[in-house]
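In what follows, subunit A forms one complex with subunit B and a second complex with subunit C.
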Partner chain A sequence: MYISVSIAPRSLRCNMVRIKNRYIAVQIVPYATKQTLHLKDHILAKCILQNVEKHYGVYGLGVVEQGFRVKYCNERTKIAVIRCVHRGQRFVSSMLPLITLIGDLRAKFRTLYIGATIIQCNKFIIKHQKQFLDRFMGQVESAKERQDLFKRVMELDMDR
Partner chain B sequence: MEQTKPFYDFCVPFNKDDKQMRAILNELVELGYKTIAIDQSFDHSKKDAGKRGSEMFPAPHSIEHLRKEFADKLKILQRITILYVDANLSHAMSVSYNLRKFNLIAGQPKTDGALTHCCTTFAGDIITFDPVAGSRLLVNRKAYQVAVRRGMFFEIKYAPAIADSNNRKDMIKLAQNYSIKGKSKNIIISSGAEHEFQLRGPYDVANLAFIFGLSEDQGKNAVDRFCRQIFLRAESRRLGKTIMFVKGNGPIVFSDSSDENQSEEEDDEMDGVVTEMSKDGEDEQETDIKPANKRLKVE
Partner chain C sequence: MTDSQYLDVKLKLRDTESVVLTPGYLSGCILNSLDNLFGEIGGRTSLDIVKFSAADRRLILRVPQEFVERARIAVTLIGHYQEVPCHFQVLKTSNKQLDFDDVGL
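Right after this comes the complex of A and B.
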């Protein structure tokens, strides 16, 4: 008897690999609370990569650097989203609490959320911002300022 | 059972400056901690050993005004850290009256002998280490396992590790030693922060546990479940054997099998707790706790 079994060659089967990323939503808390933040995403990226190299050496930097990117950085709400590859995630997340200096600003990171897709991260940030608005809307008097605040807080553009 | 909510930070050093203390507590609320312990350090070795029978330990600082201020946001416990050199303080501890006013007792051994004593016979809950003096003291495997079996917990402080890279190396060395000697069982992480800038959120702490050689689960438990276990254990030590009266205000429902399963789970949570509780109702309204032991008086 002859049974024909068709199995695709191994190389073909392994072609469909999904690149796994992790998106880390962080809040930047400056040392002095009233400080305005001038933070560009490349400064943030440079700072994090430098710290990875400081704590994990060249190996850690090699693992993390591929696919590392600051996707979103809002100066007003002080929220940033960092993308890194799945296998380098723990190198990044474990070292975020140790950072006390971003660029030339004394600040610390506060991890808000770690998600696997940017959509989930977005959802969380929107929820977080709404909570923030609930607390601060009461303190603003005029309706125009209120609208202004709403606009500032809820602006999200992820096209980087 | 007394309720506590996650997340926990069991080492917030006491600060005389009320403003600074408030700033730290506010930051803790902001970060999402619900149960904290204010730490008070006491050096036993400096006291002269001549005085016997008299009170050796200091009374807790009064923090009633802070408790009142943060009543609905934070549950504030009090903790004492005893620095000691030799083993003869166990007598002083057993007769001390002030010691029972503290919720948690931590030991900070200074010598190898004291460390072994701390692991095997010390009547406290937490074993901690001086982060500044370096890690000359490393726990050995035997003592570590005894301590784990007794339900003691080892503490790692992260604030010194953030502030200074030399301390960071020492803390990592200490923490990795736990990982080598006994798979990092019974480890909690607390802040020990003098300034609110050194505080980190609970998820950050759980992530930081990676460099201390803990797994993801252990890292999360280190700020959550293990601290609850310590709290239960400390309460049971404070109260001794207790009789509990449980009063319900609903119709009496005889528990079926599913309820029994639940109570068993609770027992698991209280692993290592020596209290004998007669019954633990779901709908308890009032619990009267009467110390049955003569020597234990709790206010």
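Right after this comes the complex of A and C.
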């Protein structure tokens, strides 16, 4: 009995492989409470990669560097979304609690969620922000301030 | 000890005159390479030089079983010893105690 196996050419086989990514939603908690952070996404990316190299060496950096990107970084809500490849996720997620300095800002990371798609990550952030609004809306008195707070907290532009 | 692996390593230097060969310097060199390649978390291991021969430039390393792969990578990728170009050749690995007489060069 023969089993027919169709073997695709090497070039085709390579194209069929899907690259798995992981999206990590993090909250940046500054040491000194400030209204806004002056934090750009390239500073965040550089800080994480530097720490990966420090703790996991050149090998760890090599695993993480490919496909690494800060997809979203909101200075007001202090939430960022980091994309990394599936196999480098452990290096990044285990590194985040050890970081105490981002650029020249004393702060720490709180990992909120790790998802396989950015849509799931986005959903989680919206849910998280809604919970935050539920807690803080009661403390704001005027309707104008409430609207402003709502706008500030719920701003999400994921076009990067 | 069955959970350790022994590596018989030979150091090949370009210029043998201008270096000082001691077990301390050698283990420092290997640990430095481990630290550089696998970092502070990934590169931490207990590394012992069981035997050392300065004349043959050979040493027998004992590493825990789970770190053999990393230790061997680190040893292989060393390019300089005291700023002299060099390379390490792993002659033999075993889970039993090795001796210099075991391998004929």
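Convention: the second predicted complex is superposed on the first by the 142 of 160 C-alpha atoms of A that agree within 3 Å, B and C clash if a C-alpha of one lies under 4 Å from a C-alpha of the other, contacts with A are read in each partner's own complex, and residues count from 1 in each chain.
To be clear about the criterion, contacts are C-beta pairs under 8 Å (C-beta built on N, C-alpha and C of every residue); 3 or more make two chains touch, one makes a residue touch a chain.
If you're wondering where the values come from, they're calculated on a predicted model, not measured in any experiment.
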- Query: So, on subunit A, is it clash or fit between subunit B and subunit C?
  - Reply: fit
- Who does A:93 touch here: subunit B (first), subunit C (second), both, or neither? first
- Task: Classify the contacts of A:31 with the two partner chains as first (subunit B alone), second (subunit C alone), both, or neither.
- Result: first
- Query: Which chain makes contact with more of the residues of subunit A, subunit B or else subunit C?
  - Reply: B
- Task: Have a look at where A:58 lands relative to subunit B and subunit C in the superposition and call it first, second, both or neither.
- Result: second
- Query: At the Cα centre of subunit A, what angle separates the centres of subunit B and subunit C, to the nearest 10 degrees?
  - Reply: 70
- Taking the superposition as given, does A:109 touch the first partner, subunit B, the second, subunit C, both, or neither? first
- Query: If you stack the two complexes on chain A, which partner ends up touching A:23: first (subunit B), second (subunit C), both, or neither?
  - Reply: neither
- Message: Quick one: is A:68 in contact with subunit B, with subunit C, with both, or with neither? Answer first, second, both or neither.
- Response: neither
- When the two complexes are placed on top of each other via chain A, what is the minimal CA separation of subunit B and subunit C in Å? 6
- Between subunit B and subunit C, which residues of subunit A are contacted by each of them? 55, 94
- Residues of subunit B defined as touching subunit A within the complex: 31, 158, 161-162, 168, 197, 200-201, 203-205, 207-211
- Message: Applying the document's contact rule, which stretches of subunit A touch subunit C when the two form their complex?
- Response: 52-60, 94
- Once bound in the complex, which stretches of subunit C touch subunit A? 35-43
- Item | In the complex, subunit A residues that touch subunit B | 31, 55, 90, 93-98, 100, 106, 108-112
